[in-house]
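After this come two complexes, each holding chain A, first together with chain B and then together with chain C.
Then we have the complex of A and B:
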């Protein structure tokens, strides 16, 4: 009860400041626009906005960043529904049933459905964050350096395993490359310069924002410009055909409550998947869609404009936002790519997410919850009232705004440190990231590895310093043993010989 | 599909293998048991510990990738036109390494945006070719200006940096005016294109430079002029006590 009063107090403080309301509504609208424009992603939006919010206090900056994050995940469904091109990867599953609905003349209703589903999904994700995060944080307080090292390794490996196409090897390679990038610069224990090649600019290591903008922004610019499609004409036709029917958005908003069973189930799936490091909203959408199809009495109608499928995919991807915040705030491990960018922003603002967060800033979890609630509210209002305006955005061709995004990437990577060297790092890194993405190497493990690198390095060496190089104390700690076992099983499960043995045993039994 | 030795995954695996070995070699030069900065070290606190661990993992993973590559061939990767990709990458490289460090950020942004918008949005050769030509000419003049900057100090006491910067800036201004003229004369959707190529970078520069107080990477004639205008306007307000 005391917590509830505290939460109400924080929420009131945020709401009573008109600047905060303006920031969250504008950021949410910007996020919806970012999500809606094919080629722009939630991660890129958060990365670029981080630069602009550097001068803000933490609460206002988070209002802007979370407002944009929630808005972008929701906005990605607009082009999925209207032109069958997902605005973000998170909205890919929404296109399966959203577009056929739009073709049937129910586009506006579909937009209404996803508005409610996304809002409820984010809200359930929030509830889970409030109830689960303190428990995980209290467990994490028992962690020593060994557990932190294993946790970092686990984060990198699990994200590599789940995002690598056709096996975990490519994902793990990217994770290790991310770890390597984190070692560039002077190490924190002995201040020894590693891989700096006598370049003073590299002494402080690679700038996190420059690396993230390079990893997510530049590949997107190259990909979209070199792969231009007929998005514009398709969007114009779709927009013109539904101009008259935008009032149906309100019908859809109310109709979403008919599917409350799907909404709750998908939200729980979304939270669960969001909490796994590095696995983003796109996987949540697909898993939830598949669960809805399996549980449906009419699975044959899925892919032909079934509202259940659309609602399930949309609820899960937005619930994932709350889920991704759980490991981020309690363990310092981002649950998704935009959450990784959010972690960078929090560090820039002097907030260090992790087990000690609850002792350093006892109210922070409640503050984040209140901010996300406001962000959800802003998304819902913007989505309901401004659906027509956002849909009109789709008629802007990617070839016109992508060059501008490239300029923003350059300015974004420069502006935080006022260092031209960051731009010089960002570009080759972006080109390399583009080549690797094209060759089916996932980018999330690299980012997770880069972010968790300092934690892994420091924890490993501190742990070994305490035990004077002995690994036996690791085996005396139950938490460390559990983590180690999970890692070993995860690695062994990717070895073909062991995989085959298990399959044979299954056949025998 | 049959796995071939020319699989792109194998190529990447070999590159990674070389990378892993070379990073291990570099890391092995770091203090392991020796003291560093007066502090006695041991292998378990050595700065080489994590880099060696990463190199070892990368070594194993690259060998795994070499022997178990995916079935894809080069053609399966890199969707889209190769020429478009090279265009975008060349434009980005010239913008970042060539224009940004040497000329006014606003001018370089306008040229860069015009080049990409001309190539990918306006599409028609009638517009994109002159824009590309202007971009290349400006780059060449900047190159000459840079050469002057390095050569002139060799002769007497010529004010080389000022002269070179002026040459670069004047060329750019002419280039930007030429670009604007091209768009205005040759294309029908000039308002949209002008908005993206000319006005939005101006808004970005004003926003970052005067509202967020972020100095631009290179401040040449346009940003200095804007600064002068901004100072005059703010002095007017200060004078009136606002």
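Then we have the complex of A and C:
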């Protein structure tokens, strides 16, 4: 009770300063922009703001940084829903159901849904951070190389089973292709150059942003521009939705509470995954989406505009923010890439996150909580207002703004690191992705495979180095066995024969 | 309204054009001759390691103070990747040598050449050394190993896995020097940085970890890591109840191989104008004296060096020779240090 009183006092101090409110709202808006634009990421945004906010005091700087972080994870879903091009890897799972919804004329509602879902997700993440942080941190520290490998493998396989009409096998083929692409460059254990063909530009591997934009952006541009029938149907559907009024954003905002069961489950998944060091928002969306689909009474509606799927993916990636803060504040270990940036920013401001934090600055956890709450609030308000404006974009035929998206794709891949080589990677890769999609190969598992590839590759090889080539120690670790069992069951459930045997009894997970 | 003749219109536009041209000329003139007004535009500071790491934080803290002293914005970005920071260093070395692009480096960067990251040596830089944190060898707090003598005795009987950052990092070199000093073998398990290496020691995936005290302090305070010894000649009073002994007490032969000290710093191109170098050195020296930097160093188990100019160049040359030849003797170099004209370390080193 005393803690709550103290908390309200801190919150009041923050709110009563108009500069703080301005900072958090602007940062949140900036974050949504960073998330929505291909090529700009939450990590980059936090890094840029770190130096810009150096002159501010700690709480104002943190308002800016957390406001941007929360906003960016949310904003990545805008293009997912509107044009089927995720702004960040974290928002890829949101496109699966978000885009079909907007094609059905429910784009405004979808935007409303994700606004609520993201806000509640962040908020639940926050509650976990306050109440059970030490417990979660200790579980997250059970992860050794074997577990990291299995988690990465799980992420790749699960995204393979979820996407596409081609079935799980096609998804897995793409996942393996992604793994292969991830091996390009010097390997991080021994610096051995793999598939670099003596090209220095390939030494550090393919750039993740270039691959992301190529995989999602280019195929969608080609697809929309080559589809002549799209113009009429899409535009008319959107006009219908406009007639229903932009009130549908609010409908969406409120409707999210109908899915509260999914929201809570997804938030818990998000927090758990966010807390594991080095694993972040991108995988959380997929795991949560799969949990929603497996638990659903009608899994066949997923991928065709099921709001449950959208809400689940979107809640989890935002809950990750709170999760990533847990090891950061309790042990000084960042849980995700943007959290690593935050660690730098905190130390820069003389805050030393870790176990000594509670003795050095007893109020700090409450302060962070208040700051994150304000950041969530700013994201929610910004999101609700912005969603209405953005929903109008849907009334513009996609064919008209796709050329602009194409330019943004080129700019986005060049902007990160001002590297022309990234454009050379992005364009051919985009064309390859288009061909693969036409052949009914889902593209998301490839991207997830590429993102998680280094973790899978490195962790497995390191684990085998420690055990001198033996896989048996894996079976002595309870967490590894659990992960392994989940993977085995998931793979078996895709085999038609076994699937039929279990058809009568519903397999849950 | 009076009608203007076409002739007058032409004249007006001609005058405007000439004015504009003169303006541009004048502007360029001031920019080119404006070296005495350095810095007249924001400075870009490229750290070659990722954000939140030791090099990154030290650079951010110091360059923020320098920004205040110089009265100019310093934008810190990270450009990790390549070999031993080669991507970031190549990038900065290709920028104009005008002092507007700084590079944030650490001692590990001296290996970029021999590891095939780039074709340069460290002598292309004008370095300024912030300092470093001393190295410490630790085990998990749940480990049965309780002292350095314990550890060495066990290492002589069974395989002891040691984490020490990535291959060719300062921690790896400390491990190699340590192995030679105590005459016992360890199995090096590479991790992509200090943080994952330390977590691996906490989870007991590996038996021991060598990183810096700054990197381990939170895990030591949390009771997750048990420090065994400092890898230099002096003990360290970590807290009232915890004094970390020097490894040199039980193993005096270590003094022949250690310490290999961290040298985190920043640099500009050595081709930059002398007055720019002097100005930045001055700002750097002053920045290290500020209470902000001093408090930060104390709180973070960091000892400040402050060497600039020739002294800093000498230190980097010494590290370059030490690192590259050690790696060469390990047989992991892509290009021999000889090919880059790097001298072997003196026998006394």
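The definition used in the following text is that the second predicted complex is superposed on the first by the 274 of 509 C-alpha atoms of A that agree within 3 Å, B and C clash if a C-alpha of one lies under 4 Å from a C-alpha of the other, contacts with A are read in each partner's own complex, and residues count from 1 in each chain.
Operating definition for what follows: contacts are C-beta pairs under 8 Å (C-beta built on N, C-alpha and C of every residue); 3 or more make two chains touch, one makes a residue touch a chain.
None of the values given here were measured: they were computed from a predicted structure.
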{"item": "Chain B versus chain C as contact partner of A:331, first or second or both or neither", "value": "second"}
{"item": "First, second, both or neither for A:501, with chain B first and chain C second", "value": "neither"}
{"item": "Touching partner for A:204 - first (chain B), second (chain C), both, neither", "value": "second"}
{"item": "Partner chain in contact with A:254 - chain B first, chain C second, else both or neither", "value": "neither"}
{"item": "Contacts of A:347 with chain B and chain C, given as first, second, both or neither", "value": "second"}
{"item": "Which of chain B and chain C A:141 touches, first, second, both or neither", "value": "second"}
{"item": "Touched partner set for A:385, first chain B, second chain C, both or neither", "value": "neither"}
{"item": "Touching partner for A:191 - first (chain B), second (chain C), both, neither", "value": "both"}
{"item": "Partner contacting more residues of chain A (chain B vs chain C)", "value": "B"}
{"item": "Chain B versus chain C as contact partner of A:50, first or second or both or neither", "value": "second"}
{"item": "Overlap of chain C and chain B interfaces on chain A (superposed complexes)", "value": "189-191, 465, 468"}
{"item": "Touching residues on chain A, where the partner in the complex is chain B", "value": "52, 55, 165-167, 169-170, 172-173, 176-177, 179-180, 183, 187, 189-192, 194-195, 218, 221-223, 225-228, 397, 399-404, 406-408, 410-411, 414-415, 418, 420, 423-424, 427, 430-431, 438-440, 453, 456-457, 460-461, 464-465, 468-469, 496"}
{"item": "Sites on chain B touched by chain A in the complex", "value": "8-9, 12, 16, 23, 26-27, 30-31, 36-37, 39, 41-47, 49-51, 53-54, 57-58, 61-62, 64-65, 68, 70, 72, 77-81, 84-85, 87-89, 92-93, 95-97, 100-101, 109, 112-113, 116-117, 120-121, 192-193, 196, 200-201, 204, 208, 212, 214-215, 217"}
{"item": "Of all residues in chain A, those that touch chain C in their complex", "value": "47-48, 50-51, 54, 141-145, 186, 188-191, 203-204, 277-278, 330-334, 340-344, 347-348, 350, 352-356, 417, 458, 462, 465-466, 468"}
{"item": "Chain C to chain A touching residues, read off their complex", "value": "50-53, 56-57, 60-61, 64, 67, 73-79, 81-83, 86-87, 115-117, 159, 161, 166-168, 187, 189-192, 195-196, 199-200, 202-203, 205-206, 217-219, 221-224, 292, 295-296, 299-300, 332"}
